[in-house]
Amino acid sequence: SLQTKPLVLGTTDKITVLDPAKTYDFYTWEVFQNIGEGLLKYKPGTTELIPGIAKSYEVSPDGLEYTFKLREGLKFTDGYPLNAAAVKWSIDRVMKLDLDPSWLVSAFVERVEVVDTYTVKFVLKEPVSFFPALVATTPYTPVSPKSFPEDKVAEPTVGHYGPYRIKKWTRDVQLVLEANPDYYGSPPKSRLFVVKFYKNAATMRLALETGEIDVAWKSLRPIDIRDLKAKGKQKVLEVPGPYIRYIVCRCNKPPFDDVRLRRAIAAAIDRARICQEAYKGTVKPLYSMVPMGMWGHIDAFKQEYGERNLELARKILTEAGYSKDNPFNIEFWYTPTHYGDLEADVAAVIKESLEETGMIKIDLKSAEWATYAAEYLTAGVMPIFLLGWYPDYIDPDDYTSVFLHSEWSPDMGVFYSNPEMDRLLDKARTEIGIEKRTQLYEKIQKLMAEEAPVIPLFQGVLTAATQPNVKGVVLDPVMLLRYYLIYKE
Amino acid sequence: MASLRVYVIRRVLVAIPMIFILLGIVFFIMRVVGDPVSAILGGHAPQEQIERIKEQLGLNKPILFQFFDYLGQLLRGDLGRSLIWGQRPVISEIWDHFPATLELSICAFLVSILVGIFTGIIAATNFGRFFDHAFRLYGIITYGLFIPWIGIMLQLIFGVYLGVLPIGGRIGTLMEPETITGLYVLDSLLTLNMESFISAIRHLILPSLTLGIYLSGIYTRLTRTHLIEVLNKDFIKSAWARGLPKRTVIFKHALKNAFIPILTMMGLQFALLLVGAVLTEITFSWPGMGTLLFERITYRDFTTVQGIIVFFALIVITVSLLVDVIYAYIDPRIRY
Amino acid sequence: MKYSISRFIVSNIIKNIFPRKGTEYFVLVGFILVLLIILMAIFAPFIAPYDPIKKVGEILERPSGKFLLGTDGLGRDVLSRIIFGARTAVLVTFLAVSISLSFGVLLGLLSGYTGGKFDTVFSLVMDAMYSFPGLILAIVLAAMLGPGILNTAMAIAVIYTPTYFRMVRGLVLSLKESLFVEAARAIGAKDRTIVFKYIFPNVISSIPIVLSLNAADAVLTLAALSFLGLGLPAPTPDWGFDLRAGHAYLASRIWWPSTFPGLMIVILTLGFSLLGEGLNEILNPELRR
Amino acid sequence: MKNLLTIQDLRVYYYLREGAVRAVDGVSFFMKRGETVGLVGESGSGKSTLGLSILKLVSSPGKIVSGKILFNGNDIAGWNEKKMRLLRGSRISMVFQDPMTSLNPLMRIEEHLVETIRTHQKIPKAEAKKKASLLLNEVGIPPERGGDYPHQFSGGMRQRIGIALAIALNPDLLIADEFTSSLDVIVQFQILNLMKKLKASHQMGLIFISHDISLVSEIADRIALMYAGQIVEFAPADIFFSEPLHPYSEGLLNSVPNIELSDQKLNYIPGMPPDLVRPPDGCRFYPRCPYGEDICRRKEPPLVQIEKEHMVKCFRYDGKKSRT
Amino acid sequence: MERKVELKVVNLKKYFPVQKSFLERLLSGKIEYVQAVNRISFEVRRGEVFGLVGESGCGKTTTGRLITRLIEPTEGKIIFKGEDVTFIQGERLREFRKYVQIIFQNPYASLNPRMRIGEATAHPLEIHGIATGERKKKMVFEMLEKVGLEPAKKFYDLYPFELSGGQRQRVAIARAMILNPELVVADEPISMIDVSLRAKILELMLMLKEERNLTYVFITHDLAVAKYISDWIGIMYLGEIVEIGRKEQIFSTPYHPYTKALLSAIPVPDPKREKKDIKLKGEVPSSINPPSGCRFHPRCSFAKDKCSNLKPSLKMVDKDHYVACHLY
């Protein structure tokens, strides 16, 4: 019944909610990159922003007003015109609904004004250096007032505008996309694109091997990646992604209100072993919260402690009054239900590597994700625990302020507060000009390594495995796969 | 048949208190062990926000009122909305997943019944001899099998080593038949879509075998005991004494009578079928109710979990009702 | 009286422990399997070749002379893990069964003997719970209670209490109507005497059967909860959990981390079921067929 | 006149783990066309087993070990299942004790009859139905109730239906196993009368199995008294009741209260019947026998013929009626 | 010589609901009653045996259980030695149990399978605090020997399942007699015992009666047995007593058509006896909706119009001989 054989991509992720005002997870954002488009977008393969629905934009000298000129004559897939009014309506809707991702708009944008049919102006609350990056995020994606209700979350399959449009969507089973004939740009490389949702990575891998799917994307297990590489029948593409994992120390209460203990942990942790043993080398050790590949990154923790320094750790612990006979006893928490099956392994390796000091005694504790994230984390129940971070927008700010700024760090369970740090972060946020900001972030990272409220562990690696004839899989730090570039030869 | 109709009506009436009790149990267990507000907000929300949500959800009222509110809601067919993501109505989440579970359950049920009754008959008619012992053992062993383990073993053999059958999912890419009943096998037959039909069957084989084998042991045992019991009854002796052929005696007289207690047990075992289906679904990534339940529990999607349980409860009651009615239909003694 | 019941049971077991015919091997085999696993649990530290929660070899090594059943995804010895896993299984099963047994039997006796409204309501509730798919309740309970030995045991116990309740209540009801209880009343026995001297001894003899069949169910339920990650916290060796961890390596044809823990679950369950079946034959000779 | 049925030295054992239960152990007797043999004995003496073995329906673990069953002159002991099937229900039929359970609860009684008739006679359904109504009428059930289920009938009526089923094909021999013992006396009386009537009109032989010796006396022409798997006395009914020879016969008759007698002195037989797995070596009745002598303990007494049709299994008689 | 009245039953009635539980009632939509015993009255005199005869299901056992206060009557009075015991409870009921005992029909079910013979027999002594320790044991041994369970020492330690039916019934008798009761209700005590042993049990019961001047209510469905053991006989039909009289009167001059039918239906071990015919139609109707008027009228060949409307009451036809029938 199908004239063209579709390109099939498998993933173990899922579409949570197909509404830009509500969705706040990476995978659904990826879908919006393909069925929708922001005013600005990233050039594939880079972190460089290029025009999207907007042809161009201007910033007022005070950095408070951004004026976008839209492309003309665009239509949503429900036929409704995509103009300045629709953009304003969409942004207003996000702010009014006030759901999970809305802070990405409402924290920065004062209001949106329609200047003329194709010109729209964003008035900011205060200058934000990374506003264009924000504009490229999903909450800024315009949707059609015809298909989306103004006052509640909805998941229509029409009313978007992007290279693809939805042909059929069976939740948790598959998403069938077809080329959007009204798209301004070059049409997608594959006319028909199917995303198959898997619950189980092993199944997905077998599907790849049997040729049922063309691309396996987020997330094959390390062991499968190793196997596939070894077999060599499929292509395996890897690139460091902006996804990071780290340890959080609860800084406001004993024992980790004592900076020495945090430093001891930071020194004793064995990143290499975690990457090798739990992840079979599919992730990379990380020495700063700002991920590798992002401007401003320095290996701050390596500079401070070296790759691993057991001696230093023992020294600090001795200073803090611990010894082999009087070890530092601590509960270490992790969650088995959110970060994949390997989390327990990660925790076990951490336990071993810390206990190698001979002066630390770890009691591993776990809680399922809802309790972990919704209750324990913010209530400060867990003295030290594992967490992970996917960025909201691609800027060092998103990797630092949230953890280190006294205003937000309680939300992340860090409870860290340092006026000097707050000052540096605030400055870096508003400063325009990449040089100055780079310097600021280097300072921030150094201070972070000294104080070690959070201890970076490793950076995720983006891996996609494809059939040999598949081309156009562009993996980039933005982490959102552009389906419209993929095709089969 | 008027009396049968009256019986059915009465039986339905009797089911009502059962429904209340089950709903009550579900409701109170969920209230006792879970806190929906913190599930929605996370533990650190300010007090006034907690109060606001409580009021929105009616959680500030006494628990009995809450229960009656909840019942009222249920009567309108409203199971509430999911707490996460799109906050979709729970009922649509359920309808999305239920056909998959239904399809799997039906197939597994058929497998288990066919295998179970067949082996049971052989065991009973060979009472005390080799096949009897062998199938008794079969019954005990299968009952002790752990579904995920059988599943994984089958996946290893047929999916990984032989590579002949898929080990997950319901159907091949873009092969879904047009939705009529939601059961792929049936829909593809109705729309004469052979490609879909084959794919659906191929995907069904391993999960239904897993669940079917597990359940078949119970039917082996049931069939065996009840058939032996019936075969020892005077009316069977009397049937032999009248010179009726073996086929008639075993199938027409014995099996039909043995079927009545088996049917009752089927009703009771239905819960086991559901339990098995949950585990099978998770092992085979089958997009059904079990997978949904498991996913939502890990996200603490309180209302969806409650909705699913209520739905299961209603199914259980409906099935036991159905069983009783079929029972009354088969057995003339039951009709009052 | 205590003596008499135990003598009755024990003498019957001894009489049957060396079976002469087909199905009577059931109880012997079941008994041996269960005993072996209990011994394994008790003496785990002496039997296990390695520390079950330490990396002792390369990851995912095939079974070999060094690691008889290979290593798991973290380089831990699979054999040692399943040996220690017996502890978890035995302990949780024991706890769960004891809890549900005590509650179920007590409530069943009370409810059955007193009768009346209390009984009606109670047995309706228990029936409802019984008819409900148990594992699903257990999943919800376990998820809400969080991981841990006692919590898991509680979640399992809750769903099996109705089994005992129903059995005991049913027995009590029929015993209450039985002629020998009526005879006891005719000689002027008080209620308490009737319950403890006439009803209870007759109830207790059926308990071993249900108990071992239930233990089989409890093992499966525990395995299921662990398989779903709702059982004990890692890195406690736990068959269900290890089975699930092993499931990940399926596509790589790495079968040993999943096959063996699963096999242990099956063996222990089988042991309990065989024991239950056998006891059933021994203690209820009239049901023998 | 030729014998309808002759049983010679029949042995039927149940093979249990404890050993073989010798339920029928060397039984011989005969009956003529149209006669009634009353098979009497206490519970467990092997009456039902004997009855069933005539149809070769002894259920596992029971087996016919040896002996002859001559029916109309043919030894059916050696017949295969297929041949036996044709015999059952048509030439020899059987009525069972419990009218509650001897009919299939899920089948209308008419279906029972039609099924039986059509198993043995290839006639159209309608004709079989007509025959069924006639039969019901004959046993005193209104034929219009043919469409009812067994549970809708009372015990007596069900037993009548059982009889209708048994005589449906005009058998030569009817075996009735305790078929009135669950009925009340008055109904029992009615059924017994019906049986007598049918027996006469159908020219059937009847083996009437019962533990109630008084009841047997009402219908039997000959009495076969069983004790522990053996026939200890076989005699014409009037002789048996007036002059019982075997000590067991004597004891039994004396232990039954008789409503006709006033100031009856009841007797009883001490002890209990033997275990049929390990019966006593000599005479099986020896342990309970008031006249037991040494020889009785050592040797099994033969079944001796006293008169032409009177046999007794006791050393006290030696081919004559007088005691030796 | 007129003996003292030991037990008097007046208009005793017992209805059992058919639908026992709430759910059953809901399922069938109505409440029906089994009219098991319907206004029966009789007297039993000290030292005599009152035989209660009737067909299966006519309410004999129910009457026995009512008399021994094992179930509560729906209506009516039970007077034991001049005292109204219909509703006594607690200690007084326990005291009553010392004097009134019952032996059940089924010896396989009336003994606790988990209790040794000795314990079972001794239990009444313990309950009523009559004897303990060695004295108790001695009394039990004596009793066991008296009922013929010799050697008592051996039987003392056996379990019921190790005994035959006759032996079990002896245990039941021993247990009933050990308290030295005055009135014993024997509910078909021999019907489940082998024919050859029945006479022995009857003899034992008669011996005990003579020895202790006991009063028996002897329930049986077998007129021949009743004739053998009783002084008085009451004929029951469908929950009602249709005829009462001294044994000789019942057998020589039965009045009620039902009694007559019963008498002629009883088989007699004598093939030469001339067979009488009985003019009786049908079978016993259900006691849930019993016939109106005289409950026997649908089967009676002498029934008149009156019989279907009016319930006949017991009328004296001779001295000590009562009949409930419109014919007289």
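By letter and in written order, the chains are A, B, C, D and E; residue numbering begins at 1 in each of them.
Definition applied: contacts are C-beta pairs under 8 Å (C-beta built on N, C-alpha and C of every residue); 3 or more make two chains touch, one makes a residue touch a chain.
Labels paired with UniProt names: B, C = ABC transporter permease; D = ABC transporter ATP-binding protein; E = Oligopeptide ABC transporter ATP-binding protein.
What you see is a predicted model, and the numbers here were worked out from it, not measured in a lab.
Any chain touching chain B that also touches chain D appears here: E. Under the contact definition stated at the top, the chains bordering both chain C and chain D are B, E. More C-beta pairs in contact connect the chains of A-B than those of the other pair, out of A-C and A-B. Annotation: 90 Å between the Cα-based centres of chain A and chain D.
For this pair, chain D with chain E, the centres built from the Cα atoms lie 33 Å apart.
The distance from the centre of chain B to the centre of chain C, with each centre set as the mean of the Cα atoms, comes to 23 Å.
We define each chain's centre as the mean of its Cα atoms; on that basis chain A and chain E are separated by 88 Å.
Among all residues of chain D, none touch two or more other chains. Multi-chain contact residues of chain C (touching two or more other chains) are listed as 143, 229-230, 244, 247, 250-251. Contact of a single residue of chain A with at least two other chains is seen at positions 200, 202-203, 206, 337, 368, 371. Chain pairs recorded as touching, per the definition above, are A-B, A-C, B-C, B-D, B-E, C-E, D-E. The part of chain E that touches chain D in the complex is made up of residues 55-56, 164, 166, 194-200, 202-203, 221-225, 227-228, 251, 261-273, 275, 278, 280, 283-284.
Listed in rising order, the residues of chain C touching chain A in the complex are 53-55, 59-60, 73-75, 143, 146-147, 229-230, 233-235, 244-245, 247-252, 254.
In the complex of the two chains, the chain A residues touching chain B come out as 2, 6, 8, 16-19, 22-23, 153, 155, 170-174, 176, 194, 196, 198-200, 202-203, 206-207, 210, 212-213, 337-338, 368-371, 373-379, 410-411. Listing the residues of chain B that touch chain C in their complex gives 17-18, 21-22, 25, 29-30, 33-34, 127, 133, 136-137, 140-141, 143-149, 152-153, 155-156, 159-161, 167, 225, 228-229, 268, 271-272, 274-275, 278-279, 282-283, 293-294, 297-298, 300, 305, 309, 312-313, 316-317, 320.
Within the complex, the chain E residues that touch chain C are 21-22, 65, 68, 70, 93-94, 97-98, 101-102, 104, 106, 109-116, 119, 123-124, 127-128, 159, 172, 175-176, 179.
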